[in-house]
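In what follows, a structure is listed as structure tokens, so that the remarks can point back to it.
Chain naming follows the written order as A, B, C and D, and within any one chain the residues start at number 1.
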Amino acid sequence: MDPGPTEDRLLYTSDYLRYGRQMILDGFGLEGQIKLQRSSAVVVGAGGLGCPALQYLAAAGVGHIGIIDHDKVELSNLQRQVLHSEQMIGKPKAYSAAEAIRRINSGIQVTTLTEMLSPSNALSLLQPYDVILDCTDNAPTRYLLSDTAVRLGKPLVSGAAQKYEGQLCIYNLGQNGPCYRCIFPKPPAPQAVGTCEETGILGAVTGIIGNMQALEAVKLITGLHDGNATLLLFSAISSPPFRSIKLRARQPTCPACGQQGPKPHIIEGTDYVTFCGGARPNWLEQGLI
Amino acid sequence: MSTITVKVEFGGGLELLFGNKRVHSISLPSFVPADNTIAPSSPPNSETPLLAESDDPPLPANGPIPDPMKGLGEMKAKPLDVQYLMHYLRSRLLTERPELFMDGDTVRPGVLVLINDTDWELEGEGTYEISDGDEIVFISTLHGG
Amino acid sequence: MDPGPTEDRLLYTSDYLRYGRQMILDGFGLEGQIKLQRSSAVVVGAGGLGCPALQYLAAAGVGHIGIIDHDKVELSNLQRQVLHSEQMIGKPKAYSAAEAIRRINSGIQVTTLTEMLSPSNALSLLQPYDVILDCTDNAPTRYLLSDTAVRLGKPLVSGAAQKYEGQLCIYNLGQNGPCYRCIFPKPPAPQAVGTCEETGILGAVTGIIGNMQALEAVKLITGLHDGNATLLLFSAISSPPFRSIKLRARQPTCPACGQQGPKPHIIEGTDYVTFCGGARPNWLEQGLI
Amino acid sequence: MSTITVKVEFGGGLELLFGNKRVHSISLPSFVPADNTIAPSSPPNSETPLLAESDDPPLPANGPIPDPMKGLGEMKAKPLDVQYLMHYLRSRLLTERPELFMDGDTVRPGVLVLINDTDWELEGEGTYEISDGDEIVFISTLHGG
């Protein structure tokens, strides 16, 4: 039996054993572990990106993890969504993922939300967390998450994957990091956007990007991040597979994060699906409108 | 008239508009029409140097240094820039659905242009003057997960 | 109930649903899925690298997966070895990992081996598999695996991770790819080598490298790999984080893979621990000698 | 005598031998002693250009072009190469346990040298002549998992 917290009043003796391999790292230490324990992260989307991200956040000891997903596990998910299992088909992904990460680490708090993220609930649902991970699969939610992260002043660790390719970026990082709208002020037309369902996805690609999202979140929380916003591009079938891009700073004219501050009611007043060019058949199916 | 060779790469699905080929090596003249007019060529979609082949009259053996824009009429010239490159790619290399590459004079929403691994916004966007050996990437933002 | 294999006599109807997202990829298709189903891969080491590698091999539908590990699950593993759970502490890692990947995909065959890999059993244990994944944590086993892969003529997808860094390479790739001995003919002195136990490891780093190992194995099996042997270097706290290195070709003078063919009895006649400079305290503990 | 600046990076734990600093910018003369003798300097471990500061006698105002090796005695000169760089790093930058960096005249077993992202074996190993702006990486193979 664990005798309880030691004199630092934070970690249990067993935690030194559990987290010892990372606590002995240069620049991490007991301090880093305590930061993780006191921190919270919310993963929006428990799919191809969210599953690996959740695994490594939980294993590293992030004290409070939120999981937001309104979908249910399907057989077609299991090719890449590695926290879910055949037995969980038909169950909400948020519950399935929560159960899986609790098996890894019972010492962390896990909150599940099966509501659909919307302009009316995004601020309140995301407010309790230090870091937001965008593991979603559609453009409207990506804009909503960016606007919400800006309003709440939180970093948004954004991952995306399609076919053989992946992209990773931290938006709204520090005082000068751009938001998603700074880079992409206008959304693409719906016909320009493919989904994993339509265009396909190699499972390990989501794994690598989701894993990188957990890593970036851990770096942000522990202070290991250098504070520069870069875009990481990955292509599983190109050589070299990775490319790091220097990004523009926050744009003064950005309606979300620019110098004039966010436009009033930019979140509550935006119909993100319409903003992104209207409904697509699969968004309908997914209940996004 | 000197030639500039630029490595062009497409990603995030844009390669589908360009014959499903990700990496292209493009040679273009160092001075081009300021209004981005693309001279016709044959065969279309070739990746051989443009050098205004079909339009240039034979040069006099002796005489003044030829105007690099000679044969392109009364148009103004400018150094080769990213905007010209985009027009060139659309006219010569693009094989389908041009509206998924450009929107007016710039890339369509959702496409990011990278100049030597730097966001083009930091390099002057379309006005960036291309040097020999530059690498320009056109990448579509992904939404899947 | 699944009506059984369709006219291609290989995939079940449910497999089209399960693997559809990758089967619609350019260059993958039904053919790629059938190659995966008919293939086999063995993961040596079900630890920080092996866990993510196994997840994505199983999810992708590699028909037969072998897991070799003689260790038991410990609390200190759970910070990064994401297939294991608190309930499995004390159980053999090979069993724990097998149970976890069977939950993801009951349609694949999983073989577990809790024997310690040694010069006397390596050839027979690894012979049944098409691809070998080196997910081990010590120099002697890395040399043994390389020599064995050369003798068996199989590609060795090798991952390594320590502190904030990772390395990935496919050894013995095709006709010209170098083996581990081509690059590192002499083993480092034991005092030059750290272990995860001594030097620490950030969990997500093993995740990213292990994930890349699964990806490379899938590319090899489906024919998506370009056949060039490159070394991928990763540093979680450097910018840029990834670097791709062009490697030398197979070395004519290599005692394992060189032009004269392997030295007679190079495997059976080598005491790999002695070759690597003798026993280290932790190797003793791990039963490697 | 011209100076060559080279970016040196350590990884895989080797950075611990060099003050736990991964990236170093080193300036060295373009011609160096063929026997890899490293001239003493003060302060040691500085990353300022070597330029044989302490040993060079003052040059005559008029006269023949000075021998780049002048002041280094009767030794033969060679263009700056990776082998000299290794000796320089060991003598000037290394702060502890030299046996974990070099073994005789080359790197210790388990260390890989990369020249501009290419295995040094493809570039002539220690005999590779360094150009200005080259990037040389010394990386220790990892064994953990």
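The rule is short, and it goes like this: a contact is a pair of C-beta atoms (placed from the backbone, for glycine too) under 8 Å apart; a residue touches a chain by one contact, two chains touch by 3 or more.
Heads up on the chains, UniProt names are B, D = Ubiquitin-related modifier 1.
Note that the coordinates shown come from a computational prediction; the quantities given were computed from them, not determined experimentally.
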- prompt: Can you list every chain in contact with both chain A and chain B (Ubiquitin-related modifier 1)?
  reply: none
Statement: Note: chain D (Ubiquitin-related modifier 1) sits from chain A at a C-alpha centroid distance in Å of 44
- request: Report, in whole Å, the distance between the mean C-alpha point of chain C and the mean C-alpha point of chain D (Ubiquitin-related modifier 1).
  value: 37
Message: I need the residues of chain A touching at least two other chains; which ones are they?
response: 26, 163, 196, 199, 201, 243-244
- request: Would you pick out the residues of chain D (Ubiquitin-related modifier 1) that each touch at least 2 other chains?
  value: none
Message: Thinking of each chain as a vertex joined to the chains it touches, would you call that graph a line, ring, star, complete, or other?
response: line
Task: Report the complete set of touching chain pairs.
output: A-B, A-C, C-D
- prompt: Which residues of chain B (Ubiquitin-related modifier 1) touch chain A in the complex?
  reply: 11-13, 22, 99-100, 108-112, 114, 117-119, 121-122, 137, 139-145
Field: Of all residues in chain C, those that touch chain D (Ubiquitin-related modifier 1) in their complex
entry: 45, 47-50, 135-139, 142, 159-163, 165-167, 183-189, 191-196, 199, 201, 206, 231, 233, 235, 238, 243-248
Statement: The residues of chain A that touch chain C in their complex are 14, 17-28, 52, 55-56, 59-61, 75-76, 78-80, 82, 84-87, 103-106, 163-164, 196-197, 199-205, 207-208, 211-212, 214-215, 218-219, 224, 226, 228, 230, 232, 236-237, 239-244
